[in-house]
Each structure stands twice: as structure tokens, then as C-alpha cells.
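Read through the structure below, which is laid out as C-alpha cells, and then see the notes.
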């Protein structure tokens, strides 16, 4: 805020530990996803501590439950900042929780590291976005579909801001590129009744489906999809919220061959990823998988630590000032913070779901894509832009 | 045209799912007056039963057949424990059962989370239920036909038992007047426990069946609960016939409304329809009247 | 000009094809305790239900020149028709005084409703005396004895200014003295009101009835004075039966 | 003690003590953050007073108070977002979340909410009027008991779903990022404290109103309707009207609480008003003692506090504690906390406990 | 057959009936009398097992049954007709009877026997019991109790609300059943004449205590009246 009367920071840098917050939903509907993110935050912290900490200080996590409720996120964020005096907070998943926390971080002048792909059109001084913005995930996915000859799309999403914004972008893109949008349906979050929607999708004759459903709804959607005889070969589904964790629950037989768009897959072959996956499995069990938001959360801890090292300080202003250009050799490749909009560069990847339940890269962008949260670089998106 | 047939079937199918979820409630809520908010978690327990049985048995078809009775026993056993520990102390405080069982539901969800993990698990659909059959030019999923058939069977069994057997008479007697039933030589404790066992067992069966189309996660049961209660209310408490009609009507309304509007508005529409409907039939579709006051 | 307190003509009540009350004419007058008798299931309670708006009927019920058919229960009550039930219903959580105060207040303005009760209205105090519960003003009605509850119920009608009282078996379960007390109470009440009593207790009827109407299978079988009715062979056949034997027993044990 | 509290002097003493704690001790002892939390809890307590009236005294288990709470909150949020947009981009500007949703024109029904007076009037009138309408529809048809409970629960669910679908009302995310409350900058700690004082003051007023309703003849009548609705009809009252008054009062209290909640917490979204939050409102009342006056207040505060404290202490296991709280308290203490005090006395003058506020 | 010693019982923590001693021997009819609220119903409820015994003992055939649930006592030979024409309102009249006949070998015959006793019930068998008139329900309740072929029949004001000619029938039925042997009766009755005629012994309750008791016969009426009228 422009004329914010910022509260005095109470972060204690005198001891040999430094406190950070981990704020994830451990209860409620979102706990399914958010607990996995918490696991990788702990992994990163343990690794950094084992390697000597940040500026010689061991990181100490103060954990809080966001309970899948935006107001609780806001309350707990304020508690972490004002009572626990953490230097930064890692967490959040839904955009609703981020929107709820944003004024808290701005008013108290503190830092949130947010690890999930989201709908863009936002850039706060007090938030670092380590997941993809739309030009690093949705637009590449559309490019990929267009390249493979898709001329008509059916849009299916959960009824909340990310799918709605994503679909607004897709509509603008489609209008520009001559792709026909033959249907657009929203299901209530958590809904498991997809018969009507799948019937309509089936009857629409679309070339492909763009799926922005979230959570359990995907299970019901893909089961219904497979059961009425729709297949990846006939009408592929491109999903942007299904990662390794979700595939198991949907059942590979129902989703094999379908597509996803992310920046990271467990199957990426690189030394950094091998190390990450091995460390994760060693810590949490061989049956566990790693996914894009987990990796982005893992990255976010390292990025914060690196920025603090660079700044030589845990002070929010110093971190903000030093962030530009800070990079990390992450499992998905090198990510670099953009000091302007606080997002990071990311490589876009289209993955295919294979029989082992993992996603394999079938296409990737030529190098990391610079974040463009307001889609300023896309003329067709001019109607979507907002004043900020 | 295809779509219309598809939607009519969808209405029937949605109705049968609602009915399956609501059938147990029409015993425990409709007959006994217990507002069991943990009913959803009993459904969830049925889902996980299907999962565990499948892990143990392997073959998806065989495991489904085993899981149906096992799910009944698991749901029933949980109901029995709940009845014995809590509900039996609350028969004269029906509205309190709602709050207590809501707490039970929270605990059960957390137990599921701790035992099976927060992410959904997969129950594989048996080969013979994969894909669809052609019905007037529309692909109708076999899983839904299976659930429809299961709902019909379950409803028929429950209705016949209640109506024509000695056990059914006892259930209705205890529900009507506990003290009087005792003095007619009926052990109301046994009947209460038995009724709750059956009602909860039906939730377990519903859970097993619902793995065929939905997800199996700690919050699964929640998706069905409120609609199931509405079915019982709209049908007239404890009236199986009413529950059937209400479930099919609501399912069809929702499916058709959704085709021309959105799924979310369809839910709101259902509520409005029920309030309007209650203006006409305040005690639900089918009711039994008595002359007593209160 | 109609001087009856209540005039019912051609009351007919049907339940899904079963006719419980079938064309009953009945008038109630102030100053009389009118007994309504008849076999179980004859339709007595149903008739009372109809008059008080609880059962749908055809025919007509007129009080003070106003037709009551089709009106809501509480409208009919406000017109001065009060009733009790075969099983007493009082507000168990409230005290005797509160029960009576509520019953006295159906016509109160919203404003006075929202204020605290300063003192009991005189009328409530007087009625409490009349029904013999003056000593129980602060007793929760739930712990009153059966008979006391029935008196309280009658009291609630009195303070509500009902001038037509329909009492369904008001002495059920009462002992001899309580019956006599109740009977005297009814006559005191009836001085300015019309009282109809549904009862099966013939001793009570003989002692206190001013007029009797006998219902049978939904119709009026006989009407008149106690003697007229008691000596009617049809009434003896369907209702009184061995009642004379009964008297012999009473005489023997007295 | 409780005898004293039910006298006139006792009532004043009770209010005095409560005022002393709320206006004196709490602001002195609590940090700004905790005071803000307390303000949030006080909002829940205001809702609880209404539920105590409708449920405890009137027997209507209102499982859908989230609806009225939400109405109050959203109406207030509309005004605050308008003020915000006006501050940023001039009069008639579109609030930030609408821009995000691609809405470029301010919807017509938003326009009057630029006026604070109109907003406050709507907060007081709309939810109450809705409650009256719904109450008539339901109570005139004698829908009650478990029917009413389930129906009102479904209402809360439907209302939340409806809001999620309205992008011009913030959709799933709801509305957040409020800068100004009737011209006061919310970043300023002094103004945060002012909000707390407003919440505390409103709570005292609401308790006083509820107290007056309980002690009035209307209060007795309400209990009578709860215990024997049909009988009340035969005394010449329209039972539906009596119930509607309590239901509407509860709705009004909830709406006012919602309106205060928005500036205090800084966000309102469907997640705060659906089925589960509505049950949480009830929980506090049940735990505190539904039939007493202060029980619901104490219960609501205790539950909110326990939730915060437990989730801070045991972030991953506190759901167990929360569930057990429901089970143990309601199963073992049907009269709630308030019943512990009353349990010692049998049949008092007023069988249902009436204590003065504390 | 039934033996009460120092029986105290009531509701919640409040005793209503105090230190009652009472015996009902085999084939004996005992009448309990008393004013409204004297505690007659309360006493019966404790005997049947619907409210707990606070102190003292309830013995059936020499067995202490203080804690046995009501249904066990019924199976052991008690039958209870509660005050107030109670029935299973949601069941038909026929189902009300079959409910108790279920599981008895001669169930059909037992029902028929009761229908012969209460012919007014025959045409009503298919009707929902909650819709019957008060007297019809009372007849149903007595029939229901008799179907269990009790050895001890406990009746709480069985003639309340019943038309006079049927009252006479019920009375003679009870007298006949008792004199046939094999049935003891514990009867609460306001109707003094009937009570004293039917019963061999009586007890008068006043404020929950036995104020007077003894054999019926010469002078009993006087003693009862005296005990009740103070």
C-alpha cells in the first residue's frame, strides 16, 4: 500500500536461529494437496539447516493450519508475523487463501512465498510467486494444442477464480487464433456429479477438452469420461491441476494417455531433480511422489535463503531490494527471480500420463519463460489486463 | 435428442445415487429421528472398505462382490458403536444428535486422513463394469446402471422388511413409542441398535458402490450428505416411498436444470423447489398423520 | 335474532372416505352445561376438532353472527371459543401464573408483549383462586398432578375470555371429590358462558348436566334432559348398556 | 449469586462488570493482534446471542445463520470495496476483484452502496426482511424440528453456492483488501482498536435486547410455543408470528455481526458462511448453554478461543480435539456450561436459567 | 407373585413414591387407589421397569428384578396397560396386535380371542391406530396386553374414557380372567365401586405413601373413603 502505516517488524535476528512460518491447510478439503507442499517445505529447510543454515542461522519452522479457510489463513498469517515474528511465510494454495493473506502481508510488511500456479494478474511487493503464472502454463498448453491441430475446445472447470480467469484467457486466445470454444462448464468445487457435463462434452464433438477442475472433482470427471467411452485418442483432455499426487486417486486406467501442463514432473532427468526426488523419498517413503507445487515450494525456501544470503539481512526491505536476479538450480531447471513482479522464470512442459502413474514430458518450451503476470506481451490479451 | 435421453437417464442415475445415500438415513433419521451427520463418514468408510478389500483380493470384480457385504458390516459396526457410545443417550434430544455426530464426523475424517493419507485412493472399476451400453443412441455407463440396480434392490428389501416382517413392525413400534414398546415385550435397546446397524450398514453399501463413480478420500462422504438429508425431508420422514420419489425428482430436476444452466445454480434451484414444495406438502410427500398434539 | 352462544348446522367431517361426523346440528347456550356423550368413536372429539378449526368440515358454525368455517385455529380461539384436550396440555416449563398470564394475553398489543410483566392481572389472580391453584402460582406446570393440570387448562380458557368452552373428558382420571369440585366449577363458569363437556362418566353427567346430546356413528342419536336421554332405549342399547347394573354396584359399596 | 443477578440492580452490575472487562481490561492486557482476534470472536458471540434466542428459547435450530451473517458481511463488503475503488480510481470505479473477473462496468445494484447510510440501512433491513419472509413461508406451514434444521442447513449450502457463482460478488474468493471503513484507514492501529470497541459495544446492546425479550411476556410466550406450539394456537395466538419475531431477531443479530466481521477480519468469502461455519455458530451456543442468556456468549468465545489455541498448539491433530469437544460437551452436558451452575438448584422460579451478562 | 418392599421411586432425583410395601399373590386382584398425583402411575411404572427404583426392592416370583429392563419383565409374565390410551400411533390397529403376537405359536388364535372380547376393534384393524378415538385406543391397549398371556396384569385406570357399556364389559372381563385362575391383577382405578368389587385387597396411596390397606369386603369402602378424604 502506498501510504501504509507499517507495523514495526519484530523479527529476532539476534540468536542462532531464524524463524519462518509454514502455513498450509492440514484440515479441510484442501489438506489433500497442501500437506504435500508442507512436506517439501520441511525437506528444503532440513537440507538448508544441514548445510549450515542461512547466514549461519538454523531455520526454525513455526507451523500453522490454514484449515482450508481463507479467514483462517489471514488470521494465522497475522499471528505468524505479529506473534511469532517469522522472517517469511511459506504456503497457501488456493488463490482465495492468497487473496486473503495479501493485505495481511502488505499491512504488516512481511513476506509470503506462494508455491502454486495461479491465474496471474497480480504482483505484490510482499509476495514471491514461485509457481507458474498463466504465460508459463496455460498459454504454452494452448500453443501445444494448436500445434497438434486442435480446432475446437470444450472448457471444464471448477467454479472459482483460477478456472474462470484461465478460461477468459483461453477465450481471448481462441478468438485470436481461430479456435472454436464449443462449451464452457463450471462445477462446484468438490462436486462429484459429472454425468451432465460429460454428456455435453461427448455430444459437443470438440477436438480436445481443457480441464481446470480442482481436487476430488477430477476423479469423478475422469471416471465418467472413461465410462461413457471417451478416450485420450479421440478427445484428449489437457489438465492444469492434475499432478503426480492426483493420478493415483483417479485410477491410471481412467486417465492414461491424457495430458497435463506444468513446469515440473517427477520424471525430469537432471541431477538436481534426482537429488530432490531421492531426498524426498528417503524422508517420506519410496511410495510417495513429487509434483509441481511441491517442487515450487521446495524452490521457494531455497530462493528465500539465497536472497537473504545475497542481502546479508533478513529485513523485508533488504530482501525485496536484493531479490532481482537471484537464482536457484532447481529440479525443473534454473529459476530466476524477476525483481519487478516477484515471479520466477519457468520452463513450460506438457506431460503425458503413462501407465506407471507418472507424467512424462512430451514437449517443453525452448528455455525458461519470463513471467508476464499481466500478459503485457500478448496483444490479444489486452482486454484482460487490469490496472494495478 | 441424444442429450435429452442422456439427461433423463442421468436424472434417474443421480436419483439412484441420492437414494442409496439417503436410504440408511431414512431409517436412522426418518424412523429414529437421529440426525446423523456422521452418515457421510460411514459412506466414506464404505469407500475405504472397497479400497482395502481390493488391495487384499486383487481382482476388481471379485473384490466388489466381497466389498458390498463387508461394507455393510463395516458401516453397520461403526453405527453400532456410535449408537452404543453416544446416540442411545440422546434419543430424547434429536437436535443434539446432530451436533454430536458432526463431531464424530470430524474425528472420523481425521482418522481416515491419518490411516489412508489425505490424497484420494483409487478403487479400480471391474472390467465388466467399464465403458457404457448403448441406450437409444446414448452411451450409458455400466457403473451407473449397476448403482441403479443396487438402489432398486436395496430399497425393495428395506421397504418390504419394514412393511411386512415382525422385525419391521418392531422397528416402527419402538420408533413410535419407546416405553410402550418395552412394555409390549420388545427390547427397545436391541431394536434401536439393530435399526441403527442396518441404517449405517446401508451407508457402507452406498460407499462401496460410489467408488465406482466418485473419489475415495477422507472428505468423500460430505459430498452426499446434505442432499441425502433433503431427500429424506422432502419425501416425508421415514417414508421409503417418499424418499424414492423425492430422490428421482431431485435427481432429474438437477440434471435437466443443469443442462440449461450451471451445476451451481441447479443446486440452488433444488433448494428453492423444496421450499416451494413444502408450502404445498409441509410434512413431505407422504406422511402419516396422528391426532396427538405437539 | 339468534340468541345461542354457538350454532352448528349440518357439520360433516370426512376422512379419506370415512365419515366421522355426519350432519350434526348442535346449539350451545349460555348458562348451561351441555353434555356430549356417545360410544367410543361416535365423533365427539372430531366434532370439537371441527368447531375449533382442527378438522376440515362442511356445514356451518356461527358464533355472534359470524361464520367460523374455514378460519384458522387462532382466529377461532380469539372469537371466544376455547377447548381442552383429551390429554391435558399445559406449558410444562412455565409456572402456573405464567401459563395463565399467557392465556390471558392473546389480545395484547405487541408493545405490551415486549415489556416485562409487572404484576399479575387481576383476572389471573381471580381465576387462580377459582380453580384452586392459588397456592401453586409459582409451581412449574410440569410437576402439577394430572387433575391440577386439567384445572389449569380450564383456567387458561377462562382468563382468555372464552365464552364457549369445549371440554374433552375434563375429569378423566379424577377422584370423586375432584370430580365434584370440577362439576361445581363448571356450573360456576357456566353462569356467564356456554360449556360443552364430552364425558363417559354417567354419574358425573347425572349430577351436572343441564342438557345432553348423544352422538352415535357421527349422527345425533338423541338430545334432551338427562332423564329423557337416559331412558331412551336406543341410547341404552348403543351406549349405556348395563349401566343400571353399575348403579347397583355403587349402591352396594357405598 | 444468580438470584442477585436477576434483580434489576444485579442486571446493571452484570453489565457494568462486562463493560469493565471488555472496555478496560481486554484492551490493556491484549496485544493488537489478540485484540483483533477477540473482536472477531465477539462477532461470533453476537450471532450466538441470536441463536440462543431462536433455538434455546424458541426451539428453532437455525442451522443456517451463515446466510444472515453472510448477508450483513457482503453488504458491508460492497460498501467498503466501493469506497476503496473510489479512493483508487475515482467515483464509479470498478473494485479490483471485478477487474480481475473481467467486469468493466459497475453493476447497477452496486451503485447505491456507495452511500454509507444506504448500506447500513440495507444491513439492518435486508437480512431481517428475508428472515421474515422465509420464516412465514416455513412456520405458517408448521415446518419445525428436524425438518426446519435440515432445511435451514440446506439454505446455508445453497446460499454459499449461489455466491460462489456470482463473479460480481467476488465468487469463490469473496472480497478482501479493504482499506477504509467509513473513511477510517484500517491500517491504523487506533482504528483497529475502534473496531474492537464497536464489536464489544454491539455485543452488549444485543445482549441487553435479548435480555429484554426474554424477560418480557413475549419471552414466556416463545417458551410456550417451543413446548406446545399447537396449544398456543388454541389460546388465540398465531404461533408463526411469535416464531418469526425470534427468527428475525436472530437474523438481524447475525447480519450485524457479519457487518462488523468484515472490517475486523478483512475478508469475507463463501467459506465463512456455508454449512460448516453455520454449524460452528451453533456449537458455541450448545456448549455455552442454549437456553441461558450468557451461555451462548461464553460458549461462542470459548469455542473460538479453543479453536485458535488448539490449532496453534497442535496444527496437525487439532481436528481430533475439535471433534471431541463437540462430542463430550454436548453428550455429557446437555445444558452446556451454564447448566453446571444451575444443576445445583432444582426448579427455580424460572425453570430455564437466566443469568445476567458477565 | 409380586412383592414390593420399601419401594421408593420418582423422576430425576425427586422421589414421588416413598417406602411402599405391597404384595400381589397368585390369582389375586389388588386395587391401588388414591387422588390425582398420589403416585399411582409412578408406582406402576417402577414395577414395570420404566423408571428406576431408587431404593427398596421389586420381586417377581421371589426373584429380585429391580434392574431388569421392562421388556424382560414382560417376557417374565407381566403385562402393562398404561394410563392414557396409548398405542403405536403409526402402526395400524392390526399391526399393534400382531406386534405382540409375533413369535407366539398361537398368535393368530390369541388375536382372535381378543377380537371376540372387543368386537368394536374388528372393523378398525386396517386403520392407523393414531387415528382411532380415545376409547377405541384403550380397548386396543387392553387387547394388546392380554395377547401376551400374562400371569400378572397391571392396569392403570383401564376404564378411563370408555363408554359405559364397554366399561361394564371390561370390568366383567377382568373379574372373569382373575377368577379363572392363573392371572394376578394389579389395578389402579378411580372407580371405587368397580375396584372394590373386583379386588380382593386394596391399598390407598396418599402423597406417595400407603395411607391405608387391607382386604375388601365389609367396611372397606368406608376405610378407603376415609383414607382418601383427608
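Couple of notes before you dig in:
Chains here go by letter, A, B, C, D and E, matching the order in which they are written, and residues are numbered from 1 within each.
FYI, contacts are C-beta pairs under 8 Å (C-beta built on N, C-alpha and C of every residue); 3 or more make two chains touch, one makes a residue touch a chain.
It should be emphasised that the depicted structure is a prediction, and the values quoted were computed from it without experimental measurement.
Averaging Cα atoms per chain gives one point for each, and the point farthest from that of chain E is the centre of A. Farthest from chain C, judged by the mean position of CA atoms in each chain, is A. Averaged C-alpha coordinates give centres for chain A and chain E that are 75 Å from one another. We define each chain's centre as the mean of its Cα atoms; on that basis chain C and chain D are separated by 45 Å. In this assembly, the C-alpha centroid of chain B lies 47 Å from the C-alpha centroid of chain C. Among the residues of chain A, those in touch with two or more other chains are 27, 159, 186, 188.
Shared contact sites, meaning residues of chain C that touch two or more other chains, fall at 45, 87, 89.
Multi-chain contact residues of chain E, defined as those touching 2 or more other chains: 131. By the touch criterion stated above, chain B contacts chain E in their complex at residues 166, 169-170, 172-173, 175-177, 179-189, 288-292. Interface of chain A with chain B (complex): residues 27-29, 31-33, 35-36, 159, 185-188, 190-193, 195-197, 199-200, 202-203, 216, 218-220, 223-224, 226-229, 245-246, 248-254.
Interface residues of chain D facing chain C in the complex, by the touch rule stated above, are 212-213, 215-218, 220-221, 223-224, 226-228, 230-239, 347, 349, 351-352. Contacts from chain E toward chain B in the complex involve residues 48-50, 69-72, 74-75, 79-80, 82, 86-91, 95, 98-100, 102-103, 128, 130-131, 144, 148. Residues of chain E touching chain C in their complex: 33-38, 83-85, 120, 131-136, 138-139, 157, 160-169, 190, 192-194, 196-197, 221, 228-229.
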